[in-house]
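Input: a single structure, listed below in structure tokens.
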Amino acid sequence: MSIEEQFNHVRNHSLFLCRNLITEDFSLQASEEVSPPKWHLAHTTWFFEQFILVPFQPDYVVKQPQFNFLFNSYYNSLGNRTARNQRGLMTRPSVEEVLEYRNYVDEEMRTLISIKDTKVMELVVLGLNHEQQHQELLVTDLKFSLWHNPLEPKVMDIGEYLDQSDGDWVEIKEGVYEIGFDGEGFCFDNELNRHKVFLHACKISGNLVSNGEYLEFINAGGYEDPILWHDEGWAWVNSQNHKSPLYWEKEDGKWSYYTLDGRKEINWNSPVSHVNFYEAAAFANWKGKRLPTEFEWEIAQKDFSWGSRWEWTNSAYLPYPGFKIAPGALGEYNGKFMVNQMVLRGASVATPEGHSRPTYRNFFHPHLRWQFMGIRLAESI
Amino acid sequence: MSIEEQFNHVRNHSLFLCRNLITEDFSLQASEEVSPPKWHLAHTTWFFEQFILVPFQPDYVVKQPQFNFLFNSYYNSLGNRTARNQRGLMTRPSVEEVLEYRNYVDEEMRTLISIKDTKVMELVVLGLNHEQQHQELLVTDLKFSLWHNPLEPKVMDIGEYLDQSDGDWVEIKEGVYEIGFDGEGFCFDNELNRHKVFLHACKISGNLVSNGEYLEFINAGGYEDPILWHDEGWAWVNSQNHKSPLYWEKEDGKWSYYTLDGRKEINWNSPVSHVNFYEAAAFANWKGKRLPTEFEWEIAQKDFSWGSRWEWTNSAYLPYPGFKIAPGALGEYNGKFMVNQMVLRGASVATPEGHSRPTYRNFFHPHLRWQFMGIRLAESI
Amino acid sequence: MSIEEQFNHVRNHSLFLCRNLITEDFSLQASEEVSPPKWHLAHTTWFFEQFILVPFQPDYVVKQPQFNFLFNSYYNSLGNRTARNQRGLMTRPSVEEVLEYRNYVDEEMRTLISIKDTKVMELVVLGLNHEQQHQELLVTDLKFSLWHNPLEPKVMDIGEYLDQSDGDWVEIKEGVYEIGFDGEGFCFDNELNRHKVFLHACKISGNLVSNGEYLEFINAGGYEDPILWHDEGWAWVNSQNHKSPLYWEKEDGKWSYYTLDGRKEINWNSPVSHVNFYEAAAFANWKGKRLPTEFEWEIAQKDFSWGSRWEWTNSAYLPYPGFKIAPGALGEYNGKFMVNQMVLRGASVATPEGHSRPTYRNFFHPHLRWQFMGIRLAESI
Amino acid sequence: MSIEEQFNHVRNHSLFLCRNLITEDFSLQASEEVSPPKWHLAHTTWFFEQFILVPFQPDYVVKQPQFNFLFNSYYNSLGNRTARNQRGLMTRPSVEEVLEYRNYVDEEMRTLISIKDTKVMELVVLGLNHEQQHQELLVTDLKFSLWHNPLEPKVMDIGEYLDQSDGDWVEIKEGVYEIGFDGEGFCFDNELNRHKVFLHACKISGNLVSNGEYLEFINAGGYEDPILWHDEGWAWVNSQNHKSPLYWEKEDGKWSYYTLDGRKEINWNSPVSHVNFYEAAAFANWKGKRLPTEFEWEIAQKDFSWGSRWEWTNSAYLPYPGFKIAPGALGEYNGKFMVNQMVLRGASVATPEGHSRPTYRNFFHPHLRWQFMGIRLAESI
């Protein structure tokens, strides 16, 4: 695809994800962690305006100066912004106005892209990758917010369940390996520098843990045994008496699960989803196994299939040797989150096509569950 | 007006208040204390359905059984309900579906009203008074929620400012007086029984405190002097460093105020609004005066004009002698709130026409400010 | 008793209450509402120093200037003070130093008292009444704090249980009555002015509600029926799943109760204690009765016995007609608490001898239970 | 030293640290993170009783069964325990009784030690290392708690300030290194297994950052520039408007610092202390440097001096390859804390003699400051 085609494709895909929403849904925000669809549509647009059109399009007229306040996400160096938990309160601008904003910026962007300036091209690719990240969030945020509605709305079928066939365990031999991005195309700064790590011998499961296996853990009293849990995990379990993954519900002895296509019976062969790091680690302990490190995962991944769930690793999100923060606001993209978060590798059913790669480092706080997060086991040999 | 005309008039007025809203605005809820417009429209409809159609219309088919859960407000005896702070999350049913629900119930109500059953007539009047209370809340809630939007939307001009002419102080002589409702028409249970109280001699101002007078209090350091405040009031002042009434803002030495018609300069002669009980009492202390009791107010009110601001009294909201709670869910209407709230008398610019009377007892927690609440002074003689 | 004897008696009684404490106990503070014994001993001493010695003893040398910061309770006009929830952190000054402080101030006070200056005499009486209030708090705070210790320490037997004989209901006839203090001796400012109130006919129980009667309420599901409760009371019940009065515990089907003399079986005939306003009102509702107002209580009290429990009334704590706040810091004594609290009348087993009278107005927030608070029923006729 | 001598030495040292405390101080607990001295004295004793005497001394009589509840710290598998923030409320047992408890257990321990059972010897060494950890906490907890007292008590001089001479930067060459404990004596389970890591070339400062250097960061606006901080760090800065390390205070343009020997002027050449991970990382960013990893630190440490401050590393606290959790309650010692904490290497002025080694892994949450925590810089080459 040409860069123009890519641009059109990604920008259209955001709208495509909203095809079944009613106007009311666009402002929905059920917690501080999630954002309303309208905000995602506007923020990704603001990103192109703020980081590309303003600095590189000499006669560009900002659509609405207040949008910088309304749709900035976390760029401290760009000034104040709407409090994160108040994004759902911005009923104005309307959905229609946000769509006009998108059109306005897209038009200008297409003009600018046609000039093929190298720096601009780089930023366009970053902007598209940024938008793809928000596409995944749009889906997972929407699921979380709609789940609060007792009517349990159905808005799309993204194939949350999928059968997996038996995979063998993959062995890694002790030795020095190369880790990090190395190809031609785009990568985020946190995938660099490519560098050496020493790995000890281990093996990694060819399969994700299934709903059925996870149910065994529940039935064996996994949520009642403190020995299996991190200290913080055990506090989390007890804080709200957690007993199962997010979206699971048991009624009349039968488990069901809320999907974006409504509540459904659980498919026991499908990979478990919506577990947090504490649950993933406790499950691994119960099995006498452990989670892989992100380095082990990166080396072994070519020998197993992945892509339906983000996979918790036992690696904290930290900079690679030689990691450099870019100057200016874009430097706030990744580096400043490198504390208290765990790395997830792979991709999920909500990840846009073309947005995943073996060196991709996703990261979340250990207690969070609203992404499509699953478990793959490993063990030292 | 006939009961049919009243019914049509009140039901239409709720829609009239929303005439300038966009679909997005209907779900707006900026705090637990306020509710979205859509919720007000649906809840007042549910009230007619639940308390009149279900028990009295034999073949009535409930529009949607889940609406009982979604649109019940606080009737504990009618089962569970949406958490108060999650009313804004119910994007479904849509605004359109709620309007259909209104039409459906209105149609059925009109049929039932035509039968003129006495018990039904009584409940219809209650339902209309209930809806009028929600009309006032719809306006004040909307103002509060929209105020969170940096775009400061204008949605209607309800005449928040109004000039007042000089009124004399009204004297009350010591003696036994009759308090409480006594006429023919409708009143709430909390206005009964009509009973005797002994009042000591005092006088009450013919005027509400103006914005200009309140500014003097601010400028004299009223918000910095603990001696003027209740202990809880002083804690409230310091909790968020309050320095002025809600919606006031000072920029470049100039005070402005957010109205439903957008931000405006302050009209200094107009009665101050959006002060809480703590502020009202501190202002009175500073003036060497006090707030009237609700009994003094009721006796004196015929000699002064009122109706633009709810007026804080120094009376706690408590039952009148012989107060009886009605059996069933409607018994939850008033009595269970008779603790920790203060009585406000009068009416405000947001009160629907025909909904005020001299014995009306409004009540709010002392720290709240989002209603059109003002101050009238009194003093013992 | 001469004023000198009274002074010695009251000052010694504070120490007497601590006779079984170990040094460690003197700093014990289990919540923001309660204070450590050492703090009570020091604060009551500071009161004499600050309000009497400093202004009236010309050559008085303040014992330790920092004590003003450490031992001021809530007099905002006297400057900053230790945060209320950090009183237990002041391990220095030691208990010994606080006792020295008491001796130092007592010595100076005795010299000053001997001069018999009228203003000083008035303040001494106030200081002694103030100390008696703190003696009651010392006892109830200590009970609350020690209860947190799984060893359930016994420190004194104050006769928390007592049998009561059957009393008749007392009738009040409709009419105008005089309320408020009127005698020769000391009263607090909140008991003034003596004034007229109109009471409607009612009757008041000659007995307090017993533990046995309260158990019937528990067993009848009183804590599970929302209709019986104030809205805030119901929220309180559910906030921590309350099921019985404070200090009650059920083990193996048997109820027990923590007293300052250790855990004991419940005496079913003794008046119930440690219930809050919500519980008192819910119990009354369940009985088809109500709580008396403080005015009804004051008129009827001479015909029934009282003094073992503070009795919740259905009167909010508000100023009497003509109530005046004293100038200066002492004006902060009572008036600034006149919002959001309910009046309790009577006295309790923890009230020092000579500190109770029929016009005494005690007051607490409706949710609090750590005082010896009980229930007396009333009903309109 | 023989094991008997070690035992006596360590047990006595705990008491020695309390030599200047008054009885009141022993119960002091200013926040959930810190524990009272008495609790440290009792808990370390309970550790010997619970893990050694109960299982290995056949006729041992537990001193007081309730002490298991009172003095268990976090061993979930051993049952319930006092809530962490209520340790200061246990005024009983008294200090004297806790000292008796110590004597009782010591006596029994000495008898058991004389038998020289291998498993017991191992556990004794663990118990002594455990007690040494608590000795450091006793000192730092005490400092934190006493600091809340406006009298700023002096209780001991542990030499918090010390001059450092200029050290050169230490270079590490790229290559595979061995990390983890490997000697003869004691180590904690988290220092195992010794394993290989690949390090990239870097250099590490021979000096800790001094108070003077840190002041430059403050004066240059370090606490006002979001670009220097982790996102969570910036939130922490703004949450309470932090402007300097813990215990620093500026009055009349002059900085001072609270030590266990009272408030003192700041020694500008001494290593900065009481900074958290966010501050350490922000300082490093400002300098254009970074923090070392724990692996770099372990390799380079032999070429620089250390021991006065715990040194923040940029390594998250995670298990080494092959890390095994011990069976039973002792398995809860380390592993369950391996999430959301950062590793600190070295030792501090509060670390007991003989308790430090190059492979020792200390760990704390990134926001905490009450330990003697300092900063050493590194940079990639």
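Order as written gives the chain letters A, B, C and D; numbering starts at 1 within each chain.
The definition used in the following text is that a contact is a pair of C-beta atoms (placed from the backbone, for glycine too) under 8 Å apart; a residue touches a chain by one contact, two chains touch by 3 or more.
Which protein is which chain? UniProt says A, B, C, D = Ergothioneine biosynthesis protein EgtB.
For clarity, every value in this text was computed on a predicted model and none was experimentally measured.
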{"item": "Required steps from chain A to chain C (each step between touching chains, minimum)", "value": "2"}
{"item": "Inter-chain centre distance, chain B versus chain D - centres from mean C-alpha coordinates, in Å", "value": "57"}
{"item": "CA centroid of chain C to CA centroid of chain D, Å", "value": "45"}
{"item": "Intercentroid distance (Cα basis), chain D paired with chain A, Å", "value": "36"}
{"item": "For chain B, residues contacting two or more additional chains", "value": "none"}
{"item": "Touch-based graph of the chains, sorted into line, ring, star, complete or other", "value": "ring"}
{"item": "Residues of chain B defined as touching chain A within the complex", "value": "22-28, 30, 38, 66, 69-70, 82, 86, 88-95, 145-146, 148-151, 153"}
{"item": "Residues of chain B touching chain C in the complex", "value": "74, 76-77, 176, 195-198, 200, 202, 226-227, 229-234, 277-278, 281, 290, 314-316, 318-319, 321-322, 331-332, 336-340, 342, 366, 380"}
